[in-house]
Structures are given as structure tokens and as C-alpha cells.
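One structure follows; several queries about it will come next.
All chains are identified by letter, namely A, B, C and D, in their written order; residue positions are counted from 1 within each chain.
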């Protein structure tokens, strides 16, 4: 796990997660190799990301009259195999709050609390009309800070 | 194949198809049983349906300022197993043109020209505001008739 | 609802459901028309079908050394629009137990307990080697009967 | 584009791609925000990756009696919005050939030959029984070198 560029200290990194979202690997999310298809983590990340933003109170604010959240990048590291019907818990945190963007980190644990997936991705607050980045408001940042274990 | 409610005579039924859409079974569309997942045919039907409506010249007309196409029902009969990387051809025809709706039939052939899937589904032309069925215009019906082998 | 071929009396039909499976419409399961994509019901049906078979005690028996369950057909009727983040409950019942197959019916209710989707599909018990239908054992039928409200 | 960690010089990086795979954004791969869903690039990457490995002659060798290819990580950078029915071309190259792994890079161009997505991911050659990394054979490396524009 030492080679993951977005994780400096795994124990500290792990402690900063407050929010999590539970789901179960569906049959349609497996493939002919007998395990979870490699596309599926990004379904779970999206589900957890939206539920995190709703919990924080940012989901509705984020796509209001002027702005819309746009995914700039996404990445996932696969640490252990996942199989049909496994129950997983996807943790999400705002690892970095920029001027116009948000870096979210993801950690997925299996039923034995082992890390099976980690990931990260940037969301940019974009002006609907111009397509250019918009500053996150103080209200947005306050909401995120309140919901982050540490920073 | 005699039990399929929407097929009276398979040879005649087969002859009426003019339009087809080619695709290949993706790895992410298989499941841990080693074959195409049962959800996947409806992805291929939708792709073929939209390409059929585009070819006929109905796709843009269908969802104009007033109306929108709404799927009322969908069904699929599985005749032969399908596997990763098989190339399939999905045929589509307008089997019945109603006052406010369209019954589309689907036939999927494998590389050996064997019928692997058949299906059908109704699309209703619906008023965006009221949600009520809208009559298909004569122009819409003409376009469909021109594109149907027989009726 | 009177036109659905697999429903004779909707009130009686509705009463026969014992098992249900809860889920939430994911963002990735919507499409650019702003609502749930038409492929998605078959994801929910599969999830509910497998959980039903597990609850009944048939999932592991069904794909043992000799046999495997094969989907013969699937259909879905769309009664009301579904949108992102709606919580839905998918009911499953064994509507008919044949010699070598099982007809499952599906009913999906929204948060207001309105019927939003109905469906059905046949699963055939197939011999892994020969690909031919295998008789359902008495044990399988007993398990299903115990779990069905009426028949 | 200067911030992408896996791209040093974009012009040189672009020139090294030899293989590409064409596809079209499906309706079911969009979401209620009106564009391609953020999960979809990983479907296209997988499709292109497998077709690349088949072209190179590695797909069958890779999952033989002893070994199996395992995805270690995946990432995608979103450069431009993608919409329903856009035709895209996904380029794949072996950017780095390790002792037991392969780093693949991805570049997706739209119909105007603009870069819309870039990405990368590592595949490890793993022993089926022990789950431990297996050395890539000289034959595997030769096949890859022949198919790479430069390295």
C-alpha cells in the first residue's frame, strides 16, 4: 500500500474518514473471470460520492442555477479481489478543498474490515454557461470543514 | 420458438426485418456464470432501437418541443447462450403502428445467423407537459411505413 | 394495468407477494432523459431474484454439480416514471412451478406504495453438461411452496 | 494537460499510440446531467484494453493454465465533455513493461480528433493458485515490443 501516491500515512489517512456508504456487489457487476468487474468500483465511488455530498448538504447547492459539479479525474487502486454478494462499505472524505475544486478520497472495506479498494478524484465547481471554474463559496467550505475529521 | 406470443410464423416474422445494428458482447457485459449477463440484451435492444429511429428519421421528431417517447414495456426471450466477444446483429422493425404508440420487435442473430434472442416492446408518444399519449402524426407514420418490409 | 397478460386480478396478484428487496436508483442508472434508464429494471429484477432464491434456500441448490439456472425470458411493464435516488421495493414470487422451470413475478413499489414496475420471467433448471432441462426436485418444490403465500 | 502525472510530453506521448478501438457513446451510458456518465470511460478502457491484448496476441496467453491478468489500478482524466452518440476512438499502448506487470496508457479522441479522455492502469500477471505475481515471459515481452511505436 506504500506506493499509492495519494496516501502518505495509511493509519492517519484511514482515521480521517467519517462518512461511509454500504452496498453489496451485484451479480450483474461481476464478469466471466468470476469476480467483481473492474468497472464496478466507479459505480460504488459515484454512489458514495453523491451520498457524501447529500450528507454534507452540498449536493443541491452544488448544482444550482449557476454552477454544476464536474468530475475532473478518477482513480482506483485494487488491493484485494471482490466477489458477488460481498457487502462493502465505501468511505468518502474531502481530502483537499481548493479554490474551485474538491479532492475526494475513497476507501472500501470488506466484511473483515480489510481495505479492498482505495481511490481519489477531483470535482470542479463549474459555471453552467461559460464552462469555467467557479469559486467554492464560504458556505460550501464551512459545510465541508464541519464534516471532515481533520485537515 | 413456437411459444413466443408475439411471433405467429417465424419465417414470415424473420423476413420483415430490414434494419439491423451490429455490436460485440463486451467483457463488462458478462457475469460470473461465464456468459452474457441477462441484463445486457436490453442494452443492445436500446442501442438498436435508437439507431432504428434515427435511420427512419423519427428520433429527432419523436422528442421535439411537445412530445417525448416513453417505453411502456420490454421483453426478451433467450434462445441460445451468448458469450464474451461474440459479434451479434440486432434487427428491429415496427411490428405495429398504433394511434399513439409503436410496437417494435427485435431479433438478434449470432455469427452463424442463428436466432439467439428475440424481443418486443412498446413506445408511446407522450405529451411532455400533461404526460398523456399524443397521436403519432401522419408524417411519423409515413416514415415508418416506408421503412417496414411489409405490414 | 388491465392489459398485462400475466396479471388476472391485480388485487389478488399483489397479495401473493411475501418477499421483497429494497434498493435505491443510482445516478449511473439514469439517462439523459432525466429519469431511470430502461435497462435498469432488469438490474433490480436480477438482484431481487437472486435474493429471493437465497431466502428460499434455492440459490446454492440451483447451481450445484449437475444443474444450473438459465433465464428463458424476461419482461417488464413500466407503469410510472422513476427518478434518481428514489427508494424502491422489488417484490418477487414464484407464480408457477413447472416440472423443470419456475415462473417468477416481480412488482416494484415506490415510496408511496404505488406500483411503478411489474414483470415476470422464467428460469429453467438446466443440466450443465447436456444443456437439457432437468426436473426440479421435490425438495426444491417444497422450499418454494413454503415460501409462497398462495397458489 | 500539463498536470497529468503519467504524461511528460503530450506530443511525444500521443505519437506512441499505434492501436485504437472505435466505439459510440450509448444512451444507457449517459446520465441525468445529459452527458456521458463518469463510470462509462472505464467500460471503453476495458473494451480497448482487451482488444489491444488480442491484437498483440497476449489475451489468450495471459490467462492460460497457470496465470491470469489482474487489474492493479485504473485512472482517468476527463478533458472534455462527452455526449450521447458521439463516436470516439480509444488508443492503447504499453507505456511500461515491468518484470511481472504491464502499464497501459489510454487516449480517447472525439470526431474532431480532440483529446477528450486520457488514462492509465497497471495489469499484473498473477499465478492462479498462489495469487502471487508471475514473471512475464520473453515471448510476452517480444509481442509487446513489436507492437509499441517506441520505448
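Quick note on the criterion: a residue touches a chain if its C-beta (ideal position, glycine included) is under 8 Å from a C-beta of that chain, and two chains touch if they have at least 3 such contacts.
Worth saying up front: this structure is predicted, and the values here are computed from it rather than measured.
Colleague: Considering only mean CA positions as chain centres, point out the chain farthest from subunit D.
Modeller: So the farthest one, by centre of C-alpha atoms, is C.
Colleague: Return the chain pair with more inter-chain C-beta contacts, choosing between B-D and B-C.
Modeller: Output for the comparison: B-C.
Colleague: Could you give the separation in Å between the centres of subunit C and subunit D, each centre being the mean of its C-alpha atoms?
Modeller: Comparing mean C-alpha positions, subunit D is 37 Å from subunit C.
Colleague: Taking each chain's centre as the mean of its CA atoms, how far is subunit B from subunit D in angstrom?
Modeller: The mean C-alpha positions of subunit B and subunit D differ by 32 Å.
Colleague: Return the distance between the CA-based centres of subunit B and subunit C, expressed in whole Å.
Modeller: 23
Colleague: Counting only residues that touch at least 2 other chains, which ones in subunit B make the list?
Modeller: Counting only residues that touch two or more other chains, subunit B contributes 27-28, 33, 37-39, 43, 46.
Colleague: Per the contact definition, I'd like the list of subunit A residues that touch subunit D in the complex.
Modeller: Per the touch definition, subunit A meets subunit D at residues 5, 33, 37-39, 42-43, 46, 63, 68, 70-78, 81.
Colleague: Can you list the residues on subunit C that touch subunit A in the complex?
Modeller: Residues 26-28, 43, 46-47, 50, 85 of subunit C touch subunit A in their complex.
Colleague: Which part of subunit B faces subunit A closely enough to touch in the complex?
Modeller: Counting only subunit B, the residues touching subunit A are 27-28, 30-35, 37-39, 83-84.
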